[in-house]
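Both complexes below contain chain A, partnered by chain B and then by chain C.
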Partner chain A sequence: MATSMVNEVKGDDSVPKELLLEKHVSFLREYGQNEDNFEYGITDYLRMSGVYWGLTALDLMGKLKELPENEIVEFVQKCQDPESGGISGCINHDPHLLHTVSAIQVLCIYDRLDAINVEGVIKYVKSLQKDDGSFTGDKWGEVDTRFSFCAVLTLSLLKRMDAIDVDKAVEFVESCMNFDGGFGSRPLSESHAGLIYCCVGFLSITQRLDIIKRDTLAWWLCERQLPSGGLNGRPEKLPDVCYSWWVLSSLSMLGRLHWIDFAALEKFIVSCQDSETGGFSDRPGDITDPYHTLFGLAALSLMGNGALKRVNPTYCMPQEVIDKLELKPQILN
Partner chain B sequence: MDCDNEMLEKILKKVNGVVKEDNEIREFTLIPSVGKDRNVSPINYVWEEHALGLETWCAGLLFGYAQKQIFKWRCRKDHDTLNDYLVIALLINPEVRTFWNIKRELLDGNLLDCSTELRFSRLVLSWKPKSYEAYSYRIAIFKKIGHAKMDFREESDLLDSVTRNTPNNYHAWNHRIWCFENYMLVYETDALSRELRFSEDWIKTHVSEHTGFHYRQHVIDSLKGHKLKEIDEYSKLVLNCDSGCTAQHQILYLLIYELHKVLPDLHHHFPGHESIWYHRKYVVHTMHAHLCQIHSVDRDIPQFEFNGAAKLLDGVARSCRNGVRCLKEEQMQSTNLYKRLVLNEREFLDGDFKDEDVRLSRNYRMWLRCIVGIIV
Partner chain C sequence: MHGRLKVRTTEEQKLIKEKKQQEKLKAYRQGFQQILSTRHEVPYNQTSFAICSQLLIANPDISTLWNYRKEVILQEIETSDKSNEEELGKFMTSEIKLTEQCLLANPKSYGSWYHRFWVLDRHPKPDWNGEFALCSLYLMKDDRNFHCWDYRRLILEKIGIDLDAERKFSTERININFSNYSSWHYRSTLKQLNQESLDEEINLVQNAVFTDPADSSAWFYLRWILSSQDVTKKHKEDMLCKLESLQELDPDCKWIYIAKSWLTKGVRDGNSVAADGDCFRTLIQIDPLRKGHYNDCLNNID
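For the complex of A and B:
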């Protein structure tokens, strides 16, 4: 039986040590232009989230204008289902909360909420709340704490939190808490950094961070940092750039950001860039994608990188957008 | 071989033929076809092994074609044709929710056979064992036929092969928890003892998989609401209990069993594994919280005559649940069990640790003090 050390990734001399902003801008601008790419060809069902990842990443780098605004807004419009009010990941696909939230985030960044039927979106989110306060992702109905987060994220951006039963929603999220202070995807599920971000973010928006076992959870979160500097999402798993964001943003909302070794994490994230193609991958040397590019940049921003705009830990959007909307998600000191 | 629509239809028919005719089909995979000759059939089917493979060079084209056809056929009446396209598209990319939704619509209209669908979703899982959508679809089928009709041997066989091949598979273990809650505890009489045995064997053979430990923790937690027939066997194996340990507190027997039999063995044979240390945290934390609870029933909480009283009561209840501190802490700390627990952890931590365990034991000691409030 091998020891846990095999789970570590060693950075070598060939990995990047500087932030390659220009490379990332062209990577994001050109992503998807090459239609022959197999992965891209079979993933258009999540195009809406892809737009959010790319757009937010570009905005954090001050390059929002690199993507065609009107084309994107039109795309969002076409993805709204007139019947349910929900928004899909791509034209022809079914609406889903995951894509609805991405669409709303995109429209808020552009300040173009008027482009869609906002009342329809509110009706859609409201229709997905169950009696126990939980949310399903669409009308077919699996429950997941991700969807609770998506629901309040969407409604708070639309300033319509009154459309749902917030107390019940909080009760459900609380029922997903484990002894280690973490949260899983539903009651009884294992704690998982991605879902912890969703639940902490949910409680930040609903101003109920008081129900969290703050230090117990922060303890668990900061134990995610490995000797390589990178963060994993569960014990004995490999480090991954997207977990840098999920763990870091949760710690930020809990006011425990300083429990992480910034220098080591920064070194790990920077080493996950591809100096030729641009973009970030999950680990050094892997293929880059917009998803890890956003979360890599957002994590660097949260650690105060001066070359990037400030990111809001709850919304994973530029702070200036959140300020303009006058939103004040709860952050503990 | 030119890949026009006619050719794609041919491949599509052949794949669907195999999926329909081979009742025991167990495996699907995409075969990387770098530099392969495109003039031979991209389908690789080995009947003896009930395994089907498709070369990647045609998978992208086939997916794009099937997707177009699906949207074209979605509203028409020819369900069989529609389902043929769905089968291909979902085999190539099982994460497309919309395609599963169309299957759900067909299922709702009784236009698909449930057992065929269970077989199909299993085939998908053989190739993408982490597919959230495939597990969701299985649950949708069980909801339709009624949970009681689930063939748990089949489900358990599926989960065994999936979890053996993909470590820390979050969705697979969530699925097992779902089966445990909705089938095993409801329709079986020996579920608890079997799952306790199963999970003990599992963690001993997969020590770096925290997900398996979590499952065992959940099974142990279930002892709070369900009587375990073999509880005497466990209690015989462990120390004599505190007098407060009645049947209602059978979970304590298991926690002590864990602390004295399971954990020492794991720490000894598999040094340096964080998951084992996390399991130890679970055991000690749960034991501490349980003791805390026994000694803090509501009527014992003094009433305070000031505005903050309600808040204070909330705070007490909450912090007890958190196992941090409670009003009756002193009383709890005077029990034999608590004293033994502290002594046990102290002796354990005073032992000899090497390499990674030096760091992990230091963290654990700090965690005991700062989070649980046990100073050793």
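For the complex of A and C:
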């Protein structure tokens, strides 16, 4: 309940207060070096997204060269399914839109789209659109607004938005809008900051932010900030570093970034670093991972941290990469 | 990795843990290889299928493993006919049991929820009503699990929605725990706001905010209700009056100030601008995290 949320995270004096960039660089560099590390080995099925998280985080810190480019590009190549054109989380696993988008993001950062069969990817994304405009994650049929976002993210990076029915896709996302102005995973599903990011990002790419009830949604989003400074993903839930990104990037696209208290959020994000191992965790004192490391850094970048490259709020990729591709996702003033 | 506290251990504990982890990793890799090498066998390889269950119970997020199961199920459906429908039903039911095990270990696993629905949808005799009852039972244990709410909607598409019953369910959930945003949200999807329903909704939301004014859930619902064109000046005046008495009991509650700012729109006369200004200036003091928002509100009334 609200009153108990005041103590939602431990206010510990031992938590870090400065940004530990060097620690994070070595954390991410070493993360994939030991194949037999348990956490690394057991999460092989989401490796492609893991590569995107680690690579983007390093690029934001200006350390793209810390990871072996050729090895990574080769890995992406091997993960493309020649039949469907989709890309999997790792070798021997099945293709999925979640990993297809990560792979395309990675190749765009490296400017190496030539390494894969791009037409195959386009064919794959196109094959996953349903008559009502929605997208399934793979051929097995699960529908979710996350997949709508993945689809347009992928196709816009490949400059092939014409491959799908964009109007229908927008119609579906619009049908997922709720009483509070937010969005859920399907029509009538509860609003959730992660899915709001997906839907706002989707509308930013399709240049249709006009359909959003801007201030209703922005108010709901700014109410995610808790006394600890951290952001949660739904009312009466705990804060988590990844929501720093989902909420902040959505507010940024809506032109309402200033509705969040930066100093308080920065303090929370910085306190989620592990000063021994490097990396960020969801909350202070938990185990760190590349996922939270990217979203912690990306949120700091969005708040203007000078030690980091600028991040694009729609794509969660360095702004310079988006500029080079001449992409102009819609952002409200 | 969410909510996993880093625990300090001795060197010895660390070694034991690492050994166990290495065994697990080895079992995962061997199991996956075994499945991969037999994936396309017809009839399916029972050892691989059993290993697959174990791997999913340990980690239900590995979508390729669910895909393998779906391939096997399709194979079973294709090779069965009326004479062995019962057998097929049993096979499918054991599959549903597996998803139950997975969901008990990880109630937020997208893959398990989806597989469960996918299997039931192909079951020769699906017990949708039983499933619906189970769903209600689960929501009583955890009424914030949005996967389960989504699942409820999928089942209702099958058995047909009884709007009155669902409304009653949401009222019950809300009365048990006002701080339950998921139930408020669910209610919003069942309601057409109109003259008939408005009084009941206002009543419910007023009860909630008077019980725990610090809880945000009902306030979001109130904002939505007030957006209805059927809200009259009288509704607003009544509520404003009630909120003012609540404010006497709880003078520092930001939500009361926020709600008052919604209500004064079109109710007060020339004084409302000054009153709204005071309201937002107070909010900046008592809720400084959102001062950027309140400053914009102040600028808008000027």
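Brief remarks follow.
By our rule, the second predicted complex is superposed on the first by the 322 of 333 C-alpha atoms of A that agree within 3 Å, B and C clash if a C-alpha of one lies under 4 Å from a C-alpha of the other, contacts with A are read in each partner's own complex, and residues count from 1 in each chain.
Here, a residue touches a chain if its C-beta (ideal position, glycine included) is under 8 Å from a C-beta of that chain, and two chains touch if they have at least 3 such contacts.
What you are looking at is a predicted structure, and each value in this text was computed from that prediction instead of being measured.
Taken together through their common chain A, the two structures put chain B and chain C in a clash. Looking at the shared chain after the overlay, A:E223 reaches both chain B and chain C. When the two complexes are overlaid on their common chain A, residue A:P68 makes contact with neither chain B nor chain C. In the superposition on chain A, contact is made by A:P235 with both chain B and chain C.
Among chain B and chain C, the chain that touches a larger number of residues in chain A is C. When the two complexes are overlaid on their common chain A, residue A:D282 makes contact with chain C while staying clear of chain B.
Superposing the two complexes on chain A places one of the chain B stretches 95-103, 293-301 or 311-319 into chain C: stretch 95-103. Once both structures are placed on chain A, chain A residues 1-3, 38, 41-42, 45-46, 88, 92-94, 96, 138, 140, 142, 179-180, 184-186, 188-192, 216, 219, 223, 234-237 are touched by chain B and, in the other complex, by chain C.
By the touch criterion given at the top, residues 56, 59-60, 63-64, 71, 92-93, 95-98, 101, 104, 136, 139-140, 168, 170, 173-174, 177, 181, 207-211, 214, 218, 269-275, 278, 281-282, 285-286, 289, 322-324, 355-356, 363, 367, 370-371 of chain B touch chain A in their complex. Against chain A, in their complex, chain C makes its touches with residues 1-6, 18, 21-22, 24-25, 28-29, 32, 36, 59, 61-64, 66-67, 70, 110, 114, 118, 144, 146, 149-150, 153, 179, 181-182, 185-186, 188-189, 212, 214-217, 220-221, 223-224, 288-293, 296. Of all the residues in chain A, the ones that touch chain C in their complex are 1-3, 36, 38-39, 41-42, 45-46, 88-89, 92-94, 96, 138, 140-142, 144, 178-180, 184-186, 188-192, 216, 218-220, 222-223, 225, 227, 229, 234-238, 240, 256, 258-261, 264, 274, 281-283, 285-287, 289, 291-292. Note for the complex: chain A touches chain B at residues 1-5, 7, 38, 41-43, 45-46, 88, 92-94, 96, 138, 140, 142, 179-180, 184-186, 188-192, 213, 215-216, 219, 223, 234-237.
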